[in-house]
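Take a look at this one; I'll ask things after.
Chain naming follows the written order as A, B and C, and within any one chain the residues start at number 1.
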Amino acid sequence: MAADPRFHRAGAALTLAEAAAAAGGELVGGDPARVVSGVGPLDGARPEDVSFLDNRRYLPKLAETQAAAVVLGRDFAGRVPEGVAAIVVADPKLGFGRVARRLFPQPAPRPGIHPTAVVDPAATIGDGVEIGPYAVIEAGAEIGAGCVIGPHAVVGEGVVLGEGCRIGAHASLSHCIAGRFVVLHPGARIGQEGFGFSVTPEGRFETMPQLGRVLLGDAVEVGANACVDRGSQGDTVLGMGTRLDNLVQIGHNVKAGRACVLVSQVGIAGSTVLGDGVQMGGQSGTSGHLTIGDRAQVAAQSGVMSDVGPGEVVGGSPAWPMRETLRAFAALRRLAGRPASKA
Amino acid sequence: MAADPRFHRAGAALTLAEAAAAAGGELVGGDPARVVSGVGPLDGARPEDVSFLDNRRYLPKLAETQAAAVVLGRDFAGRVPEGVAAIVVADPKLGFGRVARRLFPQPAPRPGIHPTAVVDPAATIGDGVEIGPYAVIEAGAEIGAGCVIGPHAVVGEGVVLGEGCRIGAHASLSHCIAGRFVVLHPGARIGQEGFGFSVTPEGRFETMPQLGRVLLGDAVEVGANACVDRGSQGDTVLGMGTRLDNLVQIGHNVKAGRACVLVSQVGIAGSTVLGDGVQMGGQSGTSGHLTIGDRAQVAAQSGVMSDVGPGEVVGGSPAWPMRETLRAFAALRRLAGRPASKA
Amino acid sequence: MAADPRFHRAGAALTLAEAAAAAGGELVGGDPARVVSGVGPLDGARPEDVSFLDNRRYLPKLAETQAAAVVLGRDFAGRVPEGVAAIVVADPKLGFGRVARRLFPQPAPRPGIHPTAVVDPAATIGDGVEIGPYAVIEAGAEIGAGCVIGPHAVVGEGVVLGEGCRIGAHASLSHCIAGRFVVLHPGARIGQEGFGFSVTPEGRFETMPQLGRVLLGDAVEVGANACVDRGSQGDTVLGMGTRLDNLVQIGHNVKAGRACVLVSQVGIAGSTVLGDGVQMGGQSGTSGHLTIGDRAQVAAQSGVMSDVGPGEVVGGSPAWPMRETLRAFAALRRLAGRPASKA
């Protein structure tokens, strides 16, 4: 359960006082000078680990934990067993994440260009950039300071990456301007031609030139094997902080605002616009040319076929306001003879 | 909004007369000698650009456009503002695409084999082929004239590509015979072993050798990270002109006819047969061993579990004729207390 | 229809007696010394081929077959046409697969490290390993005897592969311990950071360090472009023999038992636990933190949102016991005015 040192390099150990400070919380009980060096879940933590509790369903595990300290909310601070310290915070998951990050720092870039990387002379490489084996950086590309480009990644002609981006193994970018701290997970595909064509009178498909770009805001993250197509005459845009999980599809000309969360296998059809903070559950999808308002929430597997207003919560396929969808499920359940006590 | 010259290389400028000819349309108003050099959407076009109108909902944008000319249908030709020429065509999107292609020609192959490409001596490379960095061409592969093989692409043993194919970065092909002008977008996976196994009496899975191939007709296009498995004893076949969007899955032994359109994240289970011109909306799927007739249309997110006749339009999961599916949704809506005026 | 020798290398021919022995069956009729060298479907088999029948719907094809012998169950043994031998087995598909495997042996590894492969000096390579062009093996990786690493594959720092694994072109592994005979199809992504983050009081997303691993049991197979994320504090685990089809997504901390079958485009959300022998149909999905019991069956496109007991069969979205789901569909059908004779 502890972080396997085969894969995860620990940084310096911390005292409980330092751990509490990292978490932004208050140490209650425990020796502030006691040393911790790892993290683990409640039921797997060792005496040198810090753990966390963010859901009352795990209280039984809290009672049995061997962790040195547990990051948790004030409500449960009194429930820690004998010999275990509490680190009291407003948001246990966030606080614990910060302790974990202090104990296991993100590996820093190892500046340098692998001898096998192909870097066009007309590309610009910033300070402290790490470029891995067999990466390909094409003419006119601009790689910002401190970027990490993984093995086999392809950064296409003219692509711009702001500082601190991390491009995973086998990812590919073309026709893209990315801000700072953008993360592409392995196999992500950015900037390729979207699905745009006309039908000739003879019935042949004729591709419409896709003359736009992809714009990725600061801190955008794109999951493994996810795909973001470039625009046709304008741009496909993902706003600052937006995160796409694995295998997500973003069609051409889509605009997403800031801090949107698209869970795995979501599909957004072309020209749909998402506001800020839109959340889409796994395997959900939208038709094209729709508007999904700020902070709307779309349930997993939903099929959104009409506009959704700001803050609305929708579900089902076609997607309706959740209240109506739940009533529809309840009605279906009655028709199916299913006990009312089940979901 | 204009095509960013960082990514899109403009060809020679055109006069309005030449643009109209490229579009296959009639120039109405405007100086035939006026020069245009770019394209853009109605609300982003500059005075040197051509734009298009293919939907009356954009008429307000037409009224405000700064474009030199707008490609549109006869019905709206009289609505172009002062100083803007009309290029009148039957199909504005098709006509505009042709102007765009003249102004931004598809980059021609740059013939030559990158020094880092690994090309087996027993592979055959046609005239004018471009092979990019770290591409791998295995023994017995035959690459037709004018093909473009992107960085890191793998063309497996014995694979045949007709002339003019474009294989995107990181794509891989094995066990495949492809016609002319086939396009694989980045990360497409063609020819791998399909999902075929038996269960032994002891409960182990034993793979069934997949001894077939993938046959791709002329002008087939496969989206980014889409997958097409080879046949088990026969072939998996995509007919001429068929296009798969990103993240589509084609199971072993599937046969698709000509000019089918499978939108992103569609899944076709093994041995299902699609006729010509079948259209499947995003995230829809079919069971295996079905027959979907010519020009059938399957709505997004549908689950097809029984045969569909030619020209039928189906939707829902399980998929029914759309008329019935819409009645079912209407009935559900009433049961849910949802206003009849909503979709 | 026969295995194309361009792609499939035949081994030695067999006598019918040897073929029957390979199938584990009884030769009925036919000359035991007759030689067969290939396989094919009933309607495409040539006189030197073996075929099989595993479904009565193909009896008309059996009547017309030109195969030398057909692997089939005892019920149909008397139905083989004149001049065609029967190889009688309990499981025709399994038996036929074994004949096919004898006639077309899996290509053996060609031991050796391609000169272009980048193998870290601190990696350990077992006997008889084949490493292809541009593969990257990072420090501390341990590759077991007889593994085959395809072109461009990346085996990350510290990754352990048991003997006999086959890693497809462009696949990538990090943070992973794999058993023996694990198969990754092209483009599979193992071990990347999962979708885990907190939201700061300012509304920013802050990544939760993902300090776990992926554990793959013996004989696990992962489809093309499928993704398996590593655990956050614990591990993501796929039990022995479990198979994932193409484009499947496994979220962080998921535990799957032995011999599970996840068809293409399935998505399992984080921390869900699958027992042994769970079967999930194409495009189905589960929420997170659920328990799906041994040998449960989930229909294609289902959305599982609550626990499923061992042996249960569920379908629909939300997924209910299949009996109830079918009643719900029947009720909907009546409401939609759809004939009762249709599915």
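The definition used in the following text is that a residue touches a chain if its C-beta (ideal position, glycine included) is under 8 Å from a C-beta of that chain, and two chains touch if they have at least 3 such contacts.
If you're wondering where the values come from, they're calculated on a predicted model, not measured in any experiment.
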Q: Give the rotation angle, in degrees and rounded to the nearest 5, that superposes the C-alpha atoms of chain B onto those of its identical copy chain C.
A: 120
Q. At the interface of chain A with chain C, does the proportion of residue numbers present on both copies reach over half, so same, or stay under half, so different?
A. different
Q. CA centre of chain A versus CA centre of chain C: separation in Å?
A. 28
Q: Can you tell me which residues of chain A touch two or more of the remaining chains?
A: 134, 152, 170, 187, 225, 247, 265, 283, 317, 332
Q) Given the complex with chain A, which residues does chain B contribute to the contact? A) 1, 3-4, 6-8, 39-41, 44, 90-91, 93-94, 96-98, 100-101, 104, 106, 114, 116, 132-134, 151-152, 168-170, 185-187, 219, 223-225, 241, 243, 245-247, 259, 261, 263-265, 277, 282-283, 300-301, 317, 329, 332-333, 335-338, 342-343
Q | chain B partner contacts - residues on chain A that touch it in the complex | A | 118, 134, 136, 140, 152, 154, 156-158, 170, 172, 174-175, 187, 189, 192-193, 195, 197-201, 203-209, 211-213, 225, 227, 229, 233-234, 247, 249, 251, 265, 267, 269, 283, 285, 287, 303, 305-306, 317-318, 320, 324-325, 327-328, 331-332
